[in-house]
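Look at the two complexes coming up: chain A is in both, with chain B in one and chain C in the other.
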Partner chain A sequence: MSQTLFEKIWESHVVVEKENGPSLLYIDRHLIHEVTSPQAFDGLRMKKRKVRRPDLTIATMDHNVPTSKRTLQIIDQTSAIQIQTLEKNCKEFCIKLFDMNSPYQGIVHVIGPQLGITLPGTTIVCGDSHTSTQGAFGAFAFGIGTSDIEHVLVSQTLWLETLKPFEIQIEGKIRNPFAITAKDIILSIIKNIGTDGGIGTVIEYRGQVITDLSMEQRMTICNMSVEAGARAGLIAPDQKTFDYLRGRKYTPKNYEDLVELWKDDLKSDPNAKFEKSFRLNVDDIAPQVSWGTNPAMTSDVTETVPSPEEFAKGDEIQQKNVEKALQYMDLKPGTDITDINIDRVFIGSCTNARLEDLIEASKVVKGKKVSKKVRAMVVPGSQMVKKEAEKMGLDKIFKEANFDWRESGCSMCLGMNPDILKPGERCASTSNRNFEGRQGAGGRTHLVSPVMAAAAAIVGHFVDVREMEIN
Partner chain B sequence: MVIKYERDNIDTDVILPGTYLKIHDYDELATHAMEGIDPEFHSKVKEGDFIVAGKNFGCGSSREHAPIALSHSGVKAVLALSFARIFYRNSVDGAFLLPIEIDEDTYKNIENGDELEIIIEKNEITNLTKNQTYRIKPFSEIISKIILAGGLFKFKP
Partner chain C sequence: MESFKKVKSTVTPFDRVNVDTDQIIPKQFLKLIHKIGFGKFLFFNWRYDKNEQPISNFVLNDKKYNNSKIFVTRDNFGCGSSREHAVWALKDYGFDVIIAPSFADIFYSNCFKNGMLAIKIESKIVNKLMNLTSEIEVDLENQTIKTKTETTSFQIDSYKKKILLEGLDDITLTFQYLDKIADFEKKTIIPSVL
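After this line comes the complex of A and B, so read on.
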């Protein structure tokens, strides 16, 4: 019978299957960070249990980590405790940890692929919703909560309800690949299918546009699958995938044999049936800017902030959602997106802090200065990204333009470390969530691509990056 | 008693803002529940209360702190048009609260302050204030087994 890629990965990992019921799935890789794991380790200790496969469990610290100099002490005591707790737990349970001073430290979803931990056809979990990022390699990668983390630590398995395969076909030709990025594609998708469009599904992104994207761009797309409500997003592996993972720190020794297996098997069969389907044509797509408090509240940069009535199209609750969102964002309907002034710029996060993101943003910034009204920062996704970027001189380009060049971590994506917005501050951010208070209580987030964020930093308000002069 | 929020996409960042994820004490977490959209929540919520909300409740992060904070505030169930799946699983895995899916009519009928009785075995909600009865969308097999067992670690397939 024809199967989708997701169904193939699922089937090959079932340990126990109940008729019409849940399945117990084997988990190939378990990634851990300091925020969602402490109670899971407490649970193990309380029940006197061990970690079943410490060799398949890898930890790093990213959410609490300050992005200032690594030699400085962590001032926030609660953050320091959470970081020390992870160190203690990893030591006690023999888990490999990339700590703050490790050259491999970084945002967990950025380092997974960089270290070759992420592999096609595998199941990968982490106590973090953006684990979906790693679906770009043809893995079934998804976020779990703390109880499930404990379950995986103890058994290397997880009970899961069946998920439905959802096909998103991306067609057409991007006219200006510099200005129209993977971020604009995924924001367009979410704008169309809604933040709940993918509930109960695993999305497979397909089509020539996806094939043409680099691995890093594919990760941006899969990263925000969860913002469309999907449990995971994935892309069938191809030569680009295999080339990306070759020769990395944890790439398996029999890699070439594995590639031969993956090549034939890891794709949806021609007649595979998807439960749901959506098509996006990218011919006329524009750079995207979110104006509301969820990622579906997004417009083209050439448009205006919509009115609640216009956006809700008769849906009463939606109209209220938009009224509240505009109030929080302090925006009036009819305002040109390009008239929205910003105070801060954040280029970072597991969505857009990989090397290519920084290269593209640096092209906008080169030879220019950040607007005097704006404070802008670049936070590489990992120490490896930072080092490679510095080798290319990107740090100098950003610093000369008055960007802050920081150490790696989740930073201003989520308000858990010193990088936060003040109440009322407005930020052009390359992260994934524009929820109320996400970047700090009262902060206002606009989601954009790295080139759009860089352009906004220079001009002081949103601008169509297609019209910028690039050096 | 019902505390109703007429909005969709109530995300984990407003249910429990990120800055509080460093707190390990569950009762202290509870003092910050819903702080992102309703700073009064902690002072008004009582043991046995229900939250009613729109679509995609609990979207966003995988933090189990979100259902924990609600549960330790006294919330026994969230009634919503739909739920984000990680929040949904987290709620039942730790036996924190019941995530109950309701239809649009039920959503419209239940008002702030209504007294409800939920009978899971019958998939039924009785609105004691209005003397109405509503149907609950039944739980899937695994979810109902985990709920009846009292959480993931007590569940025997």
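After this line comes the complex of A and C, so read on.
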């Protein structure tokens, strides 16, 4: 019978199948960070249980780590305790940890692929919703809660209800690939299907536009699948995927044999049935800017902030929600997106802090200065990204333009470390969530691509990057 | 985990759509390394003003809902971050049941690991429940929600129902299948990381 890629991966990982209920799935890779794991390790200790497969488990610290000098002490005691707790737990349970001083430290979803831990056709979990990023490699990668972390630690399996395969076909041709990025594609998708459009599904992104994207851009798309409500997003692996993972630190020794098996099998069959489908044409797509308090509240940069009535299309509950969002964002309907002034710029996060993101943003910044009204920072996704960027001299371009050039971590995507917005501050951010208070209580987040964030930093307000002069 | 049978209580109407887990439990409280005591931080930024004084028109600050165990809300509740702290906070605050037309997947799954019954039910029923001031009874065994005047049934998969009714820990359940897990490990083609 014809199967989708997701169904193939699912089927090849079923350990126990029940007629009316969840299946027990085997988990190939378990990634861990400091925020969602302490209570899971406590559970193990309480019941005197062990980690079943430390050799399939990798940990790093990313959410709490300061992005200022690594040699400085962590001032926030609760952050320090959480980091020490991870160190202690990894030592006690023999788990490989990339700590703050490791050259491999970074945002968990950025280092997985960079280290060759992420592999096609595998199941990957982490106590973090953006695990979906790694679906770009044709893996079923999804976020779990702390109870499930404990379950995977002890059994290397999870009970999971089946999910529906959801096909998103991306058609057309991007006219200006410098200005129209993967971030604009995924924001357009979420704007169309809503933040609950993908509930109960795993999205497979398909079409020539996806094939033409680089691996790093594919990760940006899969990363935000969860913002559309999907449990995971994935893209069938191809030559680009196999080439990306070749020769990395933890790429398996028998990699070429695996590629032989994967290359014919890891794709949806021609007649496979998807339970849901959506098509996006990218011919006329513009750079996207979010104006509200969830990622579906997004407009083209050429548009204005919509009125609640216009956006809600007769849905009273939604209308009330948009009214609250505009009040929180301090925006009036009808305001041109390009008239919105900003105070801060954050280029970072698991969505957009890989090498290509920094290269593209640096092209906008080169030879210019950040607006005097704006404080801007670049936080590379990992130490490996940072080092490669420095080798290319990107750090100099950003610093000369008066950007802060930081150490790697989640940073201002969620502000668990000292990088936060002050109440009322408005930020152009390359991250994934514009929820109330996400970047700091009272802070206002606008989601954009790295080139759009860089352009806004220079001008002090949003601007259509297609109209910028690029050096 | 304690077993879950019936809950009788007034409802707390939480009339918002797409409530994300960042609102349910803001990030500053995720630094705590234990599971207990999150109730006081539930909806912190919506519940308290800058001086940490209760905001009077926020529903949880209305005395009439003080002892409510049933939380009724709108579509896509619990979206965003996977943080289980959101369920710990709702449970610790005193809620045992959450009723909504739809839930975010990870949040929904997290509920059942913590003895929280999450019920998916049509919007028109939610509309009715939002406006009720009298007590309702949620009966898991019979899968019903009873108000003074009517009884509505709800769907739940048999595995989740059993977990709650018997207060089971799914790790214990999984341990019955250790031989099958070992068999799987013998035949998998995916090598170890290390």
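Here are a few things to note about the model shown:
Please note the rule applied: the second predicted complex is superposed on the first by the 470 of 471 C-alpha atoms of A that agree within 3 Å, B and C clash if a C-alpha of one lies under 4 Å from a C-alpha of the other, contacts with A are read in each partner's own complex, and residues count from 1 in each chain.
One rule holds in what follows: a residue touches a chain if its C-beta (ideal position, glycine included) is under 8 Å from a C-beta of that chain, and two chains touch if they have at least 3 such contacts.
Values in this document were obtained by computation on a predicted structure and should not be read as measured data.
Upon superposition of the two complexes on chain A, a steric clash is found between chain B and chain C. When chain B and chain C are set side by side, the one touching more residues of chain A is C. By the touch criterion stated above, A:Glu436 is placed in contact with chain B and with chain C alike. In the superposed pair of complexes, A:Lys96 makes contact with chain C only, with no contact to chain B.
In the superposition on chain A, no contact is made by A:Gln73 with either chain B or chain C. Look at A:Asn254: by the touch rule set out above, it reaches chain C but stays clear of chain B.
Of the two partner chains, both chain B and chain C are touched by A:Thr195.
Annotation: chain A residues 16, 18, 20-22, 24, 35-36, 38-39, 47, 63-64, 76, 78-79, 81-82, 127-129, 143-148, 150-151, 159, 161, 195-196, 199-200, 227, 229, 231, 294, 317-318, 320-321, 324, 414-416, 433, 435-438, 441 touch chain B in one complex and chain C in the other. Touching chain A in their complex are the following residues of chain C: 15-18, 20, 22-23, 26-28, 30-35, 45, 50, 74-76, 79-84, 87, 102-106, 109-110, 113-114, 157-159, 170-171, 174-175, 177-178, 180-181, 184-185, 188-194.
Note for the complex: chain A touches chain C at residues 15-16, 18, 20-22, 24, 26, 28-29, 35-36, 38-39, 42, 47, 49, 52-58, 63-64, 76, 78-79, 81-82, 85, 96, 117, 119, 121-122, 127-129, 143-148, 150-151, 154-157, 159, 161, 163, 195-196, 199-200, 226-227, 229, 231, 250, 252-254, 258, 261, 294, 317-318, 320-321, 324, 414-416, 423, 433, 435-438, 441.
Contact residues of chain A toward chain B in the complex are 16, 18, 20-22, 24, 35-36, 38-39, 43, 47, 63-64, 76, 78-79, 81-82, 127-129, 143-148, 150-151, 159, 161, 195-196, 199-200, 227, 229, 231, 293-294, 317-318, 320-321, 324, 414-416, 420, 433, 435-438, 440-441.
Taken together, the chain B residues at the contact with chain A in this complex read 6-9, 11, 13-14, 17-19, 21-24, 36-37, 54-56, 59-64, 82-86, 89-90, 93-94, 140-143, 146, 151-153, 155, 157.
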